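Below you'll find the structure, written out as structure tokens, and then a few comments.
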Amino acid sequence: MTAPAPAPAPSALRQGVELARKDLVLELRAGEALRVTAPFGAVALLLIPLGVGSDVPLLRQLGPGMYWVIVLLFGVLVTLRQSAVEGPAQLAVLRLCGVHPGVRLAGRAVANAVLLLAFEAVLAPVVIILYDPELTGWPWLLPVFPLVAAGLALLGTLANALAQGMAQRTALGPLLVVPLTLPLLLGATQVPQAARYGSQPALWLLMIFTLDFAVAVAIGLVARHLEESA
Amino acid sequence: MTAPAPAPAPSALRQGVELARKDLVLELRAGEALRVTAPFGAVALLLIPLGVGSDVPLLRQLGPGMYWVIVLLFGVLVTLRQSAVEGPAQLAVLRLCGVHPGVRLAGRAVANAVLLLAFEAVLAPVVIILYDPELTGWPWLLPVFPLVAAGLALLGTLANALAQGMAQRTALGPLLVVPLTLPLLLGATQVPQAARYGSQPALWLLMIFTLDFAVAVAIGLVARHLEESA
Amino acid sequence: MTLFGRRLPIATALVTAIAIAAATLAPPDQLQGELQRLMYVHVPTAWVAYLSFAVTLAASVAWLWRRTPRFDRIAASSAEAGVFFTGLAIALGSVWGKPTWGVWWTWDPRVVTTAVMFFVYVGYLALRQATPDPLARARRSAVFGVVAFVQVPIVHMSVVWWRALHQPPTVLKPGAPTIDGRMLTALLISVLAFSLFYLVVLRARVRLAVRTEEVEAALAERDQEPAGNAVLAPQWEKKGLRADV
Amino acid sequence: MRLAGVSVDIERVPVLRGVDLTVHRGESVGLVGPNGSGKTTLLRLLATLLTPARGQARLFGAEFGSRECDALRPRIAFVGHTPALYAQLTLRENLRFLARLTGRPDAAADEALALVGLAGVADRRAAGCSQGMQRRTDLARAVLTEPLLLLLDEAHTGLDSSSAPLVEALMAQVAARGGASVVVSHDRPRLTAAVDRLVEITGGRAVENTVEDAVVSVVEREGV
Amino acid sequence: MRLAGVSVDIERVPVLRGVDLTVHRGESVGLVGPNGSGKTTLLRLLATLLTPARGQARLFGAEFGSRECDALRPRIAFVGHTPALYAQLTLRENLRFLARLTGRPDAAADEALALVGLAGVADRRAAGCSQGMQRRTDLARAVLTEPLLLLLDEAHTGLDSSSAPLVEALMAQVAARGGASVVVSHDRPRLTAAVDRLVEITGGRAVENTVEDAVVSVVEREGV
């Protein structure tokens, strides 16, 4: 009747890293986010001037805003990519292997953030070439990229967890997340403007950071509850 | 050794209707395209002005173009909806039940076209309310809606068939289709402009129609070959 | 369940009557004239929408903590009421906007964030509708009910963060309200009337939810047979199939 | 149905090599072999769902890929190891859809469902049905379409003791119609009792390597 | 492990009603019953993946949903009827991923794969593996995680004759460790030979209707 001592559980950090690594490997093999969604985003950026008429000053003005709108809309698709779906059987295994649900969500969020950063990096040159936007104050954008990626990654993780196992997953997910990304969009577009007109871009950065932080805390707090809904 | 005579095969029309009906029922149950992708499109229309700055005359100008860009981008998602995926097992059954591959694609295209028309109908009032676009010459738009829906439906069907069974299905499909939708986008935006400035909108309509027709013929011709690559 | 029983609707009717009287008696605005009286319906609907979503937040937290079905019902009912009041605030706002701003709709941050708030909670209701299992539904919507509330402070702060058309806060802000005393009184009475109306709606909706659940439970009780019952053994004899080869 | 020296590659991985197999009308063949030896692949090939990379394959005299062979497709019933149902349609809708596509009355679909003992749950969505109920519905397909070639993968899997004899009944029905059956199963005693002869796919090496150089050999039926 | 008067609803459909079942340490229990009677549901319940709508369920003394019960979860091995592998990872990667999550060395994963006879194909993606190979990998999970509670659904399905005894070996190993097994199978003779006792999910009526009002009754082991 003496059960052998179970293997010591590895640290949460180690588990999170392992989970994120698995997500990235799967994504690499499927190549959905970078090899396909990113070009799709680029095509969208290309279509817009065709739809609205290609007037150079107008496009210069639209450029940055369009970039962020596309990053958000397609970024949501990246976070909801097919390769990030666990089937019921895989989910059962994860639930039974002693990983705290918060760690699982954190691993997913890290993988999402990495992919989104890459996605932003791919689209940035496209918008610069096609729209020739004004770039004064660009150093202020450097912190914006990771902050927006992190926020979107967190919100996408949450939506994915909420829509887990539903037939309407890919469609309900965006609906839940996109409206909440609004502050990200506003912050991202306002930072360079603020920098240009000498008002305080740091405040906008702070706002994005606060949102990221709030969502992260909220996810951490509710992770256990999300878990049990299988 | 005398096999009983097989049941007489029903007409291709009957079969196509049956296939389209099945697609629509599945879509109704999943509610993906209309209950969820459509609101997502509406939210996108709402986000764009926030990204690009909310300048009323500018928005009036952008309105129609944005509408068609969103219809095309999200319309592609509608044609690639999860509920239109046949797994390998279901596909095997369809391939063995004596339906000509062309009929199968036609059934799918009809279902897509119905959904896309509904999608256009949902988004149209949104763009009118949000962007207040100029509406002179709107009767010319009436034939544009079904023609664009048909073109997109056909292209989406083609992309779906090409990407059948690939892991990257939902992401690869758009990439294949979106560039081909360019003429649809141009036609749709030019028709009302032409009507307004007294040039010939009918020519643009003819162009869209020609494209639809060409894609339909192309699909009909390659259907058998698409089929065997599964 | 009998929260103030019959007294609540009576009180609501009474306060509504007083509110209408106060709104008519309050002085018209110097700039906008009689049109400004729309404020007495527009502003309360917006605030009551906030209140509804706050109640959803509180009930969601309470559900996560206690797991009592009652909190789930309150959260859902209040979100429905909130969506209704948000829609009403938008509608009344655009009715007000047409004569003052000249358009039904503008890209004013508050107006847009309000619309987004509407969509966030429509998403909340869609999430509920898409989850048939009661426990999973309660759990998921409670989680989302907590997260969704971020949108409310965003709507409120939007006018401060982005200078724009829409009125900045005159009442709900630090410091004394910058508004005529009589107008403020009329507004506050109207807010009270709308809040009471919200309570009536919420109570009715919660009762309806209870009733629905009772009916469903009764149906389930009657149909206690496990799902597998209906599966029979194959009947190949019918078609002349032989099992023995 | 005759295969001569047929090879099949899947994504350039050789799976079957030089398979010879002839199945006669009225005959039922059991296919056995270790995991990964290519039974499922062979069955999919017989269903004309795969194209041979080399070798000759004929179905009732018609060359694979030819027009006559395509015309024969509706007479093939292939039941794979995963149920081929639309999860969001009810069992009845699933079968009626198939019936209409192949020009049969709705009543035939309902009858087939009743035959496999699912009349009582016909209006439940496939997603909410147990493994065994889904498999039975899959077998009902094979009843409905009156096939001349019946191909069953892991035939008895998921069927309870009351419904497992369905497999044998189906085979008998097809044989009576002048058709042939090829059935894969790991339940060798049961399979042996049911079929006219057993065919084994084996490789030269250990289990891990059975995919190599599959040779089909005919093993005489044990027992009867 | 003890269930008392447990009921389970799935999406408001009653599936299990008033189930009583006690499984002791060192014991192996076979679960049988007709299609759709709720065997899979009961197994998922035992794996703590479902929450009982009514009744009491305890796992090694810990109430379901409690913190102690959660801590026991890594000691449960649940092998469902669909393989729980990531299709785009190789078999080795699949098992190593699990090993790392549970704090075991990579070597343990490779060892488990070798044990089920898949060392030679360990670097093939799960998507390119046959049904049986995937199931064996799933069983390797149960080897790797050294469970105290082993739950196998349709245990022998898809396994060839050389690997089917793996099921019995796993059960013996778990029993030796002081754990318990619950195994579902439609292959009744094989199951009867393997377990200590059989439990049938059945109703009061004739065989066709055994799905009625699931009452778990203990049937003494036939044979030995």
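Read from first to last, the chains carry the letters A, B, C, D and E; within each, the first residue is number 1.
Definition applied: a contact is a pair of C-beta atoms (placed from the backbone, for glycine too) under 8 Å apart; a residue touches a chain by one contact, two chains touch by 3 or more.
Here's who's who by UniProt: A, B = Heme exporter protein B; C = Heme exporter protein C.
Since we're looking at a predicted model, the values are computed, not measured.
Chemist: Would you identify the chain whose Cα-based centre sits farthest away from the centre of subunit C?
Modeler: The chain lying farthest from subunit C is D.
Chemist: Comparing B-C against C-D, which pair counts more contacting C-beta pairs?
Modeler: Most C-beta pairs in contact, of the two: C-D.
Chemist: How many degrees of rotation carry the C-alpha atoms of subunit A onto those of subunit B, rounded to the nearest 5?
Modeler: 180
Chemist: If you list every residue number at the subunit D and subunit E contact, are more than half found on both copies (same) or fewer than half (different)?
Modeler: Mostly the same residues form this interface, as more than half of the numbers used are common to both chains.
Chemist: If you average the Cα atoms of subunit B and of subunit E to get two centres, how far apart are those centres in Å?
Modeler: 45
Chemist: How many angstrom lie between the centres of subunit A and subunit C, each centre taken as the mean Cα position?
Modeler: That gives a centre separation of 29 Å.
Chemist: Would you give the residues of subunit A that are in contact with at least 2 other chains, written as numbers and ranges?
Modeler: Residues 29-30, 83, 167-168, 172, 175, 179, 182, 186, 228, 230 of subunit A touch two or more partner chains.
Chemist: List, in ascending order, every residue of subunit E touching at least 2 other chains.
Modeler: Expected reply: 10-11, 13, 34-36, 51, 88, 207-208.
Chemist: Hunt down the residues of subunit C that sit against at least two other chains at once, touch-wise.
Modeler: 109, 116, 119, 122, 126, 130, 135, 227-233 - these are the residues of subunit C that touch more than one other chain.
Chemist: Quick check on the complex: what are the subunit D residues that touch subunit E?
Modeler: Interface residues on the subunit D side: 10-11, 13, 33-36, 40, 81, 117, 121, 128-133, 136, 154, 156-164, 186-188, 206-209.
Chemist: Would you pull the subunit D residues touching subunit B in the complex into a rising list?
Modeler: By the definition above, subunit D touches subunit B via 25-26, 44, 47-49, 51, 65, 71, 73-78, 80, 82-86, 88-89, 93, 97-98, 100-104, 141, 145-146, 148, 177-179.
Chemist: Within their complex, state which residues of subunit B touch subunit A.
Modeler: 29-33, 35-37, 39-40, 43-44, 47-48, 50-53, 58, 61-62, 65-66, 68-69, 72-73, 81-83, 167-172, 174-175, 178-179, 182, 185-186, 189
Chemist: Provide the residue numbers of subunit B that touch subunit D in the complex, in ascending order.
Modeler: 1-4, 6-10, 14-15, 18-19, 22, 25-26, 29-30, 83, 87-90, 92-93, 95-99, 228
Chemist: Would you tell me which residues of subunit C are touching subunit A in their complex?
Modeler: The touching residues are 64, 109, 113, 116-117, 119-120, 122-123, 126-127, 130-131, 135-136, 139-140, 142-144, 146-148, 150-151, 154, 161-162.
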